[in-house]
């Protein structure tokens, strides 16, 4: 990473850290939700972009993490322990689902994850101990003790910091994993699994591991959700929820590590802007269509194109650069296709 | 019959064919010789309209075709045997051939099935086998048969001998010769195998780095070992 | 062009513009927040509820508002999701709203109390029926102006035992989810208590949102019940009715009780409507008091239709707020909660009272008998029964 | 050691018997060629040899280890590397990244130096090694090229480089010179010879170019319709009447 | 006897509708490579339009079926427009972009229906002459269910003939395997794509029309149907019409039976069936390997 972008990230983090001091509660609640979505989408992107596995059942881990945290928080455990446990439970579940689904590939894999996630959804939906269809209300995080300093995190402005810290750390870990040798193996499997396997790599084991890691962080993101909203319902596991990370990642830009972040912010903004129009689905549909048809590299792709346009308009060799610019767009598209 | 002038082709940003000009007369066998990556396949794809971007003129039977869709070109009488064969793995040998026949049926009368078996006796026994159950050589022959069934005026053959046993290569040679001589089909043959090519064709284009670097009659080229060496790296 | 854009914004309705709204709170407007599903699968219910609220606000403002202040209804769509419900409450409280009405889904009603507490606000739910809202999950910031599952279905048992003492073999036909189970439990328990000959011959639990009920229909018929109790909801009830028709289901059983049909199901089915007893929040012709007359008249005037139970409950809730504010002459949340607790107030369905301990309104339960006929509508109400709320209030725990 | 043994191997696809009673011993250190007409089952035999395909009957052992159907990765970890008929490399990665994956895998197999450095910054950790391997196969200077910029012959070299990175004892090459120009072919032959010598490998190849076969192979097995016709030294094969009839022609 | 027969007939009725939806889905996937999430919204539109044209106008059997047909045609035209305007630009893209594109279309269609007809459930009455039961082996079965089964079988027959005994069918199968090559053999592949998409949409709309008199109409009614149909398609083997038939019957009947005897499994059955079959045969019942 370049020095300038590290600097930029630090400024950004500082801004987010201080945000609750300047904005109202509704806004910091919204920010919290965005953070959770960012982690949810990043965990999805970890397998989608790095390992080329498009799961359509990612909400299962999100939801199971959320339920685990709802139960554990109510039992009085401290939030960080709860997050870890929820992650571990989601990890185990996703290893199982991964083991079953990874017998197939491509769209079969997607449909298998979708259907297994539906099974998880229906099981939770019909478990009276978990509140059935009504879910579990009244989830309030216990105060945490930081070096003798008691922090009441039951209020969202305070709980914000738990979310902030967890998401930043998780994304950092995901970043490292993506660029580690594990990430390289996963990419190589995505590129050509026969070749990877003939290099002596047990392809399936790695895929399951990657699926498990994605499940872990998906679970953590869900676990952050339930104390924030105070209630958890089976809808958290529904298939539309599984489509969410895919939508976010594609809106943001699938090829960029920052895609989920940009995507989550854009998505939440669109959602808030259109919810009271009474036709939010139509707007969302049109916007998605526009992105898919016109901006396959998402908002980040648009930004990059815009920046490179600015650059070229300042440079002298104009005639040639227009040509190049077309190339950038085209190349971008094909890169998007390739990398999936 | 086919005339290519100043053809430039691109894959995205990479410019692979530069000002290429080629001419093929009716019923003539023409060779396109060049080493790996020289641009043989790209030339054929350009003729078929399968390249992402092509500039220049291509006329076939006096009609400009560079704006036509691929299927239109086929219906005008161009057949194509790609280097990777691309037979239908799930369909039987017979079905593979009937599809090709049906596709141009409205335009021209295709060959009857038994005419196909006559020309490609090897396929007759494999008639009911699925494409996936054929070996590489069998697939190659099927692929050629499939393009011939529509009685094209011109066939583009991309490296038909690649990965084929010597004995089948002999067979293949006769099949192609037969096409040119008896069926009066013009053939553009992309090859690296000079021996195989020269006997089948009477004119040769040598392509290197996307440019035509030599053209002349096959007889002449046959004896120009210096050229073989220069453009194809044959040392003998 | 920037300036015109701003001025356009400024002139648009204030609910879109938090800056402007804040200003007006400090002035002389009382804002009441309406939250409910305005789109999505229960969107129609939310739309109906909102109409009642709009009418109430209009009528109050005509007569000079509350304590001399104008009232404004600001609304936000929850789509029936807890998540959006919470966000709606947060957004509206940020605009200075402290009093809420509406709420279609029980999920939202159960989700928002912690936020209400934090923001020191009150909600008066007008349709959510889950018992927990005023029971197990009681929260002092939540009031329910309408009835709940326990009341509705206990009243059913009382009423139909009294009306049809000879129908003893009952079948249950309810959706397999919380509200369905709560409904059946209340009905079943009460029947067991009061009718010694009562027997359940078939207990069917189709999936919520199912599209095929033929297996259940046939097996219920096979059990030959005298009467069928059902808490199928909305689309499910319609689908079931359509699929039951070829079997002559409704002719073969003596009595069909559907615990929640605010006229929506009958209207959708039209000519296909079957005979049934429907449980409703309110029925326009059931009451002959002045308040109701005024409501029906004004509602018809404004919306060109007869009001239903979703319209009425939100309407009533706004007047309840009005009475509490006027009685205490205060806008303070705490004071208002204390005033509302145990408050008696007149409504279109006669007098109601918020029970002090659980904030559940003591109100009548209305049952109407619907039968097919040859009119354009395809059905008509032939009988109305009212069960006083006090008889069926859930026990306090 | 280094010996691959096939005994009574049968392999069917639904409706097609591809290999019939194949008995074959590849002895340590030899270059063994398998030839035969198209569809004889050469590629299938390769698949069976390295555990990619499961033979319904018979045993396949390498250095005493059962290979049958154990998967490509198992074979690779036990010293069997394979190059495919169509060069099989990571087409969207650079040359360097291709080798990098192989090196990381090797590191994983031998479990040496599982350090933080190789986990977190693999590219830097392997820089040196990548250079060495590329030099060995004659691809120096192409580190940062994308695969589609490579010639066909170079792709085959790259695949070979990846295979030898694993330091195998047995190398399976399926038509190593198919699609190559004569120049590339003769270079490929030299390269295979060199690698065979310096690395002390056992090599099995299939090939249709008889000049390649005769200049490389110590022994040749002729396969026809799934059955072994004969296994012998090149001089004998050239004279074998059946082989001439079904394969060599003339 | 009746305890066995009843769920069987019900299951077969479900299977008939599911098959019609799944056949279109699987055909579109097989040739165009598109997972059409919007398929369900065309089913839903089929129901709504039939209701829109039909209600209170021509209360006869002939009236009902003509309007089912007319709505299907109208929707097919819409499908054609969608193919030309949207899908055609998407074929080169990754399949998940297409999932998203069709999801967007679903949102738009659903949103428009909700705007126009409202979110509350609507109903289309069945003509009285169809609203009866007939007795089979002593148990009464709704006549309309039997009718749906018969139509399902007829549709199957037509499709089977189309795919195996017509040129179009062979070419469709060829294009499913290799578009570029099929194009190079002289087939107008883009036009073929349109034809296939439109056939699929017609089947969906037709199924929707048939379904309309038996259920409450809701703007989101297509979503559950399409997910069920996906299960059917995947279990049968993507792109395989015969597989779709087999698995529609399997899923329909199993769901009906298990739901009847073990109510707690209703709605989960099909997913469990799918999970079990795909773990044993990852490519689906009749899917091809790889």
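Details
As written, the chain order gives the labels A, B, C, D and E, with residue 1 at the start of each chain.
As a working rule, a residue touches a chain if its C-beta (ideal position, glycine included) is under 8 Å from a C-beta of that chain, and two chains touch if they have at least 3 such contacts.
Predicted model, so just to flag it, every value in this text is computed and none were measured.
Using CA-based centroids throughout, the chain positioned farthest away from subunit A is B.
Of all chains, the one whose CA centroid is most distant from that of subunit E is D. When the interfaces A-C and C-E are ranked by how many C-beta pairs touch across them, C-E comes first.
Each chain gets one centre point, the mean of its Cα atoms, and the points for subunit D and subunit E are 48 Å apart.
Here the CA centre of subunit C is 75 Å from the CA centre of subunit D. The distance from the centre of subunit B to the centre of subunit E, each centre being the mean of the chain's C-alpha atoms, comes to 43 Å.
Along subunit A, residues 126, 278-281 each make contact with two or more other chains. Taken residue by residue, subunit B touches two or more other chains at no position, since every residue touches fewer.
Of all residues in subunit E, those that touch two or more other chains are 114, 267. Listed in rising order, the residues of subunit C touching subunit A in the complex are 38-39, 75-77, 79, 81-84, 86-87, 90-91, 93-94, 106-107, 110-111, 113-115, 118-119, 130, 132, 137, 176-178, 208.
Against subunit C, the residues of subunit A that register as touching in their complex are 24-27, 29-30, 33, 126, 131-135, 137-138, 140, 154-156, 229-231, 233, 235, 272, 275-276, 278-281.
Subunit E meets subunit C in the complex at residues 2, 6-7, 10, 13-14, 114, 118-123, 125-126, 130-133, 139-140, 142-145, 213-216, 218, 220-221, 224-225, 256, 259-260, 263, 266-267.
Contacts from subunit C toward subunit E in the complex involve residues 39-45, 47, 176, 204-207, 209-212, 214-215, 218-219, 222, 234-236, 238-239, 242-243, 245-248, 264, 268-272. Within the complex formed with subunit B, the subunit E residues making contact are 167, 170-171, 173-174, 177-178, 180-190, 288.
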